Structures are given as C-alpha cells and as structure tokens.
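Read from first to last, the chains carry the letters A, B and C; within each, the first residue is number 1.
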Amino acid sequence: MSVAHTTNEPGRRSKKASALGFALLRFVFIAAVTFLGLIAVTFFIGRVMPIDPVLAIVGDRAPASVVAAARQQYGFDLPVWQQFLLYVQKALQGDFGTSVLSTYPVMQDIRRVFPATLELATVGTLIGLLFGIPLGVLAAVKRGSFIDQAVRVIGLIGYSMPIFWLGLLGLLVFYARLGWVEGPGRIGIAYEYTFTPVTGLYLLDAIIQRDWGVFRDVFSHIILPASLLGYISMAYISRMTRSFMLNELAQEYVVAARAKGLSEARIIWGHALRNAAVPLVTVIALSYATLLEGSVLTETVFSWPGIGLYLTNSLQNADMNAVLGATVVIGAVFIALNLLSDLLYQLLDPRTRS
Amino acid sequence: MSVDKNLLEVENLKVRFPTRTGVIEAVRGVSFSLGRERLGIVGESGSGKSQTGRAIMGLTDPRAEVTADRLEFDGIDLRSLPARERRALRGKRVAMILQDPKYSLDPVISIGRQIVETLRTHEKVSRAEARERALDMLAAVQIRDPKRVFDLYPHEVSGGMGQRAMIAMMLVAGPELLIADEPTSALDVTVQLDVLAILDRLVADRGMGLIFISHDLRLVSSFCDRVVVMYAGKVVEQLPASELANAQHPYTQGLLDCMPKIGADRHPLPVLARKAEWAA
Amino acid sequence: MSVTDTSAMSWREWLLSERPQSRSQARLGRAYMTWRRFTANQLAVVGLFIILALVFVAIFAGLLAPYSPVVGDLRGSRLLPPDWAHWMGTDDQGRDILSRVIYGSRLTLYVIVLVALIAAPIGLVVGTVAGYAGGWTDAVLMRITDIFLAFPKLILALAFVAALGPGIENAIIAIAITSWPPYARIARAETLMVRNSDYIKAVEIMGASPGRIILRHIMPMCISSLIVRVTLDMAGIIIIAAGLGFLGLGAQPPLPEWGAMIASGRRFILDQWWVAAMPGMAILIVSLGFNLLGDGLRDALDPRSSGQ
C-alpha cells in the first residue's frame, strides 16, 4: 500500500525528504555546538588539574631541559586559547594522547573496550523494555489499583538503588551462593584464549561462529549485570509508559475504537500503545544513554572490561589523558543518543512527517 | 417483547458519577423509544445528552453507575448483556460518530486501515475484500479519490473529509442504529451541510435508526423526525419536529426564541431562562 | 476532650473557608489543601517519615550510636556477624557498622544540603539573568546550560573529581557543578512568565536597575518551584555521592561515608556480606525516602498529573 502511495506521488516524497533533510541539518548543527562545548569542558577540567601535565608525561625527576622540550613538543608553552584550538583539532581527529597506564593511544584503548559496554547496555535496555513496557501498560490500564501501586513502588526502588551495591549482592547470591550464573568478567577462562571476536559483541560473535559453548558461557556472564541495569532501565521505562498510556487512554480515538467494537486488548496494544510508542522511543534512547552512564559503576563491580572500567581504572591511576578521552567519548555517545531520539520522534510520528 | 417493533427502548435511564464530594447525576431518568427514524436529542452542554448516547452504546466511564428500568436494543436487554456480547453489538449493529475527527481518529494509523479494522473485527473477510469494501464505503461518503484517501493519515485530511472517513469507519459494518454525537459541531459551516446530507442519505438508504445529539435546535428540527429536549439530565419535552413551533415547555420555547428570525424585532434580546423547578 | 475536638473542627473550617478573611488565611488554607492531598498518599508520608528519621538520627548520632564510628576493637571484634551486641555486625577494623551507618547519616545530609546550597543559586542566577536579559545573553547562557545537561552527570562529576582530587568537599563541588542546569531551565521558564507582567514594568519605570529587579522581584517568584525540583533531585544526589564514595573519589577513610563503606566491604562480600550490605541498605532506604517524598510532592502540587 505504501509503495503504491509513494510511487503515485513522487513530489510528495521529495518534499518529505527535504523537510527531513532540514531537520537533519539542524540536528547536526546542535550536535556540533554541544560537542564543542563538551570538548571545552574537558579541556577546562584538564587545566584546573593540580598535576602538571608535562611532569605527568616525562616524570617528576626528569631534567629541566627534558621538561622544557616536552613542554614545547606538546604545545604547553603556547597561550591557553592556542592550546585549546590544538586540543579541539586533535579531539576531532580522535587523538586524546597516549594512556600512561596502557602506553597505547587512548582512542585505540577505547575502541577496544567500547563493544563490551555497548553489549552490556544493549542487553540491559532490552531487558528493561521487555518488562518495563508491559508493566507500565498494566499500571495505566489498572490505574489506582494494587498493581498500579506495586509498579510505582518497584519503579521508585529502582530509582533509589545504588547499582554497585545491588551488583555486589547479586554476585553474592546468584554467583557465590546459588551458582546460577558466572562471576565477574565477560567470558570464562576456558574460552578466553580460543575465542576470536569479530564484532567485539561476544553474544553476536558466538552466534556468527555458531559456537554455542561460548554463547552459553558469555550469556551466563552477561545476564546478571545486564539484568541489574535492566532493572534500572525498567524503572524508568515503566513509569514513562504508564504516564504516556494514561494520556493516550483519555483520548477520543479510544472512545471511537470502543464504539467500533474493538476488544480492550486491541485498543490498548494496537491503538493506545502505538500512539504512546512515539514519545516512548525518546525515553528508550534516553534510558539507553543512562545505562551507558550506569555501566561505569556496574562494570567496576563486575570487572566488565568496558569503557566504564577503563575510566575508573584510569581515574585511580591519575591517567588524565585516558580519563578525558573516555569522558569525551561517553559524552559524545550521550549527545548522539539524545539527538537521535529527537530525530526518531520526527520520523515515527506521521503528524510531524508531512 | 417481540410485539414491540421499536429498535430501541429506553426507560428511566440514569447515569451517576460518584466523586469525592458527592454523587453527580448526569442523566436522571430519561425515557424514549426509537424506531427506524431520526430522533434528535437537544440540550445545552451538561444537559446529559452525550451521556445518554454513551450509556446506550455502553461506553460510560466504568466508574459511573448506569441504571434503567428498561434498556433494549431490538429486543435485546442491554442491561444484562455480557460485556463480550455487548462489544460484539458495537460497530456491528450499533455505532457512534463523535464530534471532532481530529481527535476521534487514531492519528498514527491510516484512514483506510482504521476502516478495515472495523470490518475485520466483526466479519471474517479477507484482507483484499476488506480493502475493497472500505474503498466502496469511502466512495459512499462521497470521497472522490478513495484510493488516495485510503492511505492518508487523519492529520492529512480536512475536517470535513475526516468526518466522512469517521462515518465510513462507523457504517462499514452496516449497523442498524447510529448515534451521532454533535457530528458537525467541529466542522466549518460550509461543510456542515455536506456532511449532514451524506449522513441523511446513508441513514435513509440503509433504513437505519439515528439518534442525532446536538445543541442546535434549528439543525435538529430540520434534520430529524422527532425531537427530545433535555435539561439538567431530564427530558423536558418530546415532540415531532414539525410541531416544534407549538412547543409547550417554556425551556423549549426559550431555545426557539434564541434563534434569530429575519425581519423580526430584535429588542429586547431574548435570554434563555433556566428554572430550578424544570430540573426537579 | 470535646473542647479540643470542636476547636480542631473550627481550625479546619477556618482553613477550608471559601471566603478567607485575610491573605494569610487564604495562603494557609491552600497549604492545608496541599497537605491533605499529600497525606492522602500513604507512600509519600512514609517518605517524609524516612527523611525526618534521617535528620533525627543525624542530629542525635552521638547519643544513638552505641560505639565509636572510627575506632574499633581490632583484637576482639573483627568482622563479627550481626548479633545483639552489634546489630549490623562489625567491619574489618572491628568497628561497629551500626554506629558507622548512624554517623554516616551526617555525611549524607552534609552532601545534599551543600549541593543544594551551591547548585540552586547557580541555576537561579543563570536562569533569571538569561530569562530577563533575553537576546544573546539568553542564547549563550542556555547553550552552556544545554551542554552541561548533555553530559551524563556521573561521568562529568567523575572527571571533575579526577581533576580536583578525591575528597568529600571536591565531590560536593563536582556534583553541584553537574546539578545546576535543570534549575537554570526552571528559573528561566519562571522568569519568562513574569518578565512582561505589569508589576515588573512598574518597577522598571520607577528606575530600578536590572540587577535589583532580578534580585528583588524575579528571583522570589522562582524560589518555590526550585525548592520542589531540588527535593526531587535529592535522591539522585545521594546515589551519585555514594557512587563517588564507592570509587574512592568521595569521602576518604576513616570517614563513615556509606558509599565508601560499601567499597571497603567489597573484599569481604562472599563471606562477611553484612559489611557491604548494611550501608547499602541505608543508601537505598534514604534515597527511596526522598523519591517517595518527591513523588508525593509532585502529585500534591500538581493534581493533574496525580495517579488517582
């Protein structure tokens, strides 16, 4: 049907495309400004740091001539604004300097660890969606009932949960006591050296290679931390779903749908949720971004080799290049997800499409 | 009951909303009967006319309490009908048109799919056949290019077109009773008459019963066979539309007086009288 | 008995009067209605109770704590499980965990109060200046606000603490720096609502300086909505502060900060679970208290969004 529609009216289609193009342009502009701000903030953080960055590179006991040479080499003798331009220029090329800890370029480190975080946050969000949406819908439909109240309390507990603590308790109960899941890390020792990742997303890699032993092991590692993140995400998603659904269920089209004789299930899932889905996409993107943030603490608890663990390890070792690089990358992903959610909103709502 | 040839029998219908501050009685003992004719229900906003229509449909808010001595559609007692069977009636045998197509059509589903949905809820028809019948229905409400409109979203059409789509959606399964709740109030004056004419023809051609709910007495009197006048949840007067000029009740007379007549003296400007004893 | 009853009734009637005699009566009446809506929500009352308990415990920590929070008995009471002598057990240094949790409530209060006192005024100034000045000032200030808003809070706080060095004061500064943007947004929105009103025009005509107008006439209008929002954010502040403490970037040992206590109990989680579990429970309960309170407050102040 939609194919016939678009071929019938090429003019309409290109108009849509250009409107979308304009929106895209606006987003790119906003993203660029926000990203520059992000870099400026991290630059500022790097400046207020009491540690002399040059000494951090060459060491405290380096002779004065070496320090001076390094100062010149890294541009620390330039005026601050020139240093900033240099920093921006390098950051845009993905150059955040070298990590003192790993001795590799920071960006290379991040590229190595990022898939682990991506996988964890993705599985977490999926779990959050799987439980959050039905619970939110149920709470809205049974508004004011015991179920509604229960969903509200479960959600508020999720909001109040120190996730690192929940992670520790989870490890204690499900790993140490019950033995239902694997412990810290991403993959068991038995597979660590035989398994060669392709995408870096181990679950996906295991499927691609049809290696079900690895899949089971990886799954058993990821399920606990992902469930905990999923709980946090569920708290947020269920709450927003409830509020959007209440709004939709009060609309006239719901009355019309009832007047047509549709079943309540069809009205709830086929009409109201479909309408609520438009703003919900924004929420899901934001929740995904929040999980990237939440992963910092979760990864620390579960020794999950992602960007969060990388960041905290660098913090504890005063590896400032790595800290700022990771901050910029996480911030950039955060910004990107925010903008993407706006864009998706425009794409999904037929009212804003035309 | 079978002696009764009437499509709808309503006796002493009451709708009450319990709230924190007390019970609000929206409809307080309304009675009327309807054959395959056009009945107008007129009243000010808050007179309970819309709640009467919704109670017949079974669409009253679940927190409200609906009672009646008699509430029958085609001999079926609606009061004791299980929810599932009541639902099967809606859309199939009894349908309702709401006020503003801007809000009463689902904004994220194309018009065609919303019409098809009604049909496929009540009849086992193939996708292709449902589409054909939806297109026919769109043509029947005088939409010139049904194929194009079929794929449009509600926000992409005008108010008049939207209301025609709404009529198509509600009539596609061939109901015998249609409740139209202010179906033209949200439309431009110029398209009101078009939509009314379409509605009128469809009701006549299909031999349906129609309950036309409106605040506009003139519209109702020109469009309906009989008129029920409601005030504060009660029926104050019931009479054939042709005899409206001879209305007995002061409230009806007041409503009539509010309408300007060409050439008549406009001084003093009449004010609608409302007396507490009418509501008693 | 009957006397107090009737006087209570008349108080109620006075508060609920449809025709208040004075402005203060009207105001009190409205506050009373809000209070009634608030207390109708049992969960919110539980939240309020938790917060009051937190304040009580913090004030009387010295009386309530059975042992010293920093000095333990290394010889006789290391890592003891919970029993009658030590309700929450003891940690690896032989300190009573209950006493440490009780004293920790002071640090928690210290953090949220200071963060609120730093972040809210920053947001207030930025928002009112942006809203009142308009034009370029507005555009620039709001762009900066958006940049800070675009950051994940915890990450930004981490980066700041990394630069400033660990410690509870630096953690507070870092959290405050990441917390002000929403307040600026709210203050700006409120400012935009009043800036074109007649009373602002009147003081402008009377020659009041922009600074004076903002300080004396606009800021007071923003305070109440700001206070609500700050209350709503308290739970988040507690969680972030605890997270920083857990990573060793917040309060330093031997301070009994709950997050740091969890971190030190982490090593013993498998065998002496209570060392980490107890302070975490405290964080959860207090943060839940603020969330319940905030939730109830939101419903009470805005009946439209209420759950009922």
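As a convention for this text, contacts are C-beta pairs under 8 Å (C-beta built on N, C-alpha and C of every residue); 3 or more make two chains touch, one makes a residue touch a chain.
Keep in mind it's a predicted model, so treat the numbers as computed, not measured.
Both chain A and chain B are touched by no common chain. On a Cα centroid basis, the chain most remote from chain A in this structure is B. This structure's chain pair with the greatest number of C-beta contacts is A-C.
For the pair chain B and chain C, the distance between mean C-alpha positions equals 53 Å. Chain geometry summary: the mean Cα position of chain A and that of chain C are 26 Å apart. Considering their complex, residues 1-2, 4-5, 8, 251-253, 255-263, 266, 271, 274-275, 278, 349-351, 354 of chain A touch chain B. Residues 54, 57, 59, 87-92, 95-96, 98-100, 103-110, 112, 117-118, 121-122, 148, 150-151, 153, 155-156, 166, 169-170, 173 of chain B touch chain A in their complex.
On the chain C side of its complex with chain A, the touching residues are 43, 143-144, 146-148, 150-156, 158-165, 235, 239, 242-243, 246-249, 259, 262, 266, 269-270, 273, 276-277, 280, 283-284, 287-288, 290-292, 295, 305, 307-308. Listed in rising order, the residues of chain A touching chain C in the complex are 33-34, 37-38, 40-42, 45-46, 48-50, 143-144, 148-149, 152-153, 156-157, 159-162, 164-166, 168-169, 171-172, 176, 243, 289-290, 292-294, 296-297, 300-301, 311-312, 315-316, 318, 320, 323-324, 327, 330-331, 334-335, 338.
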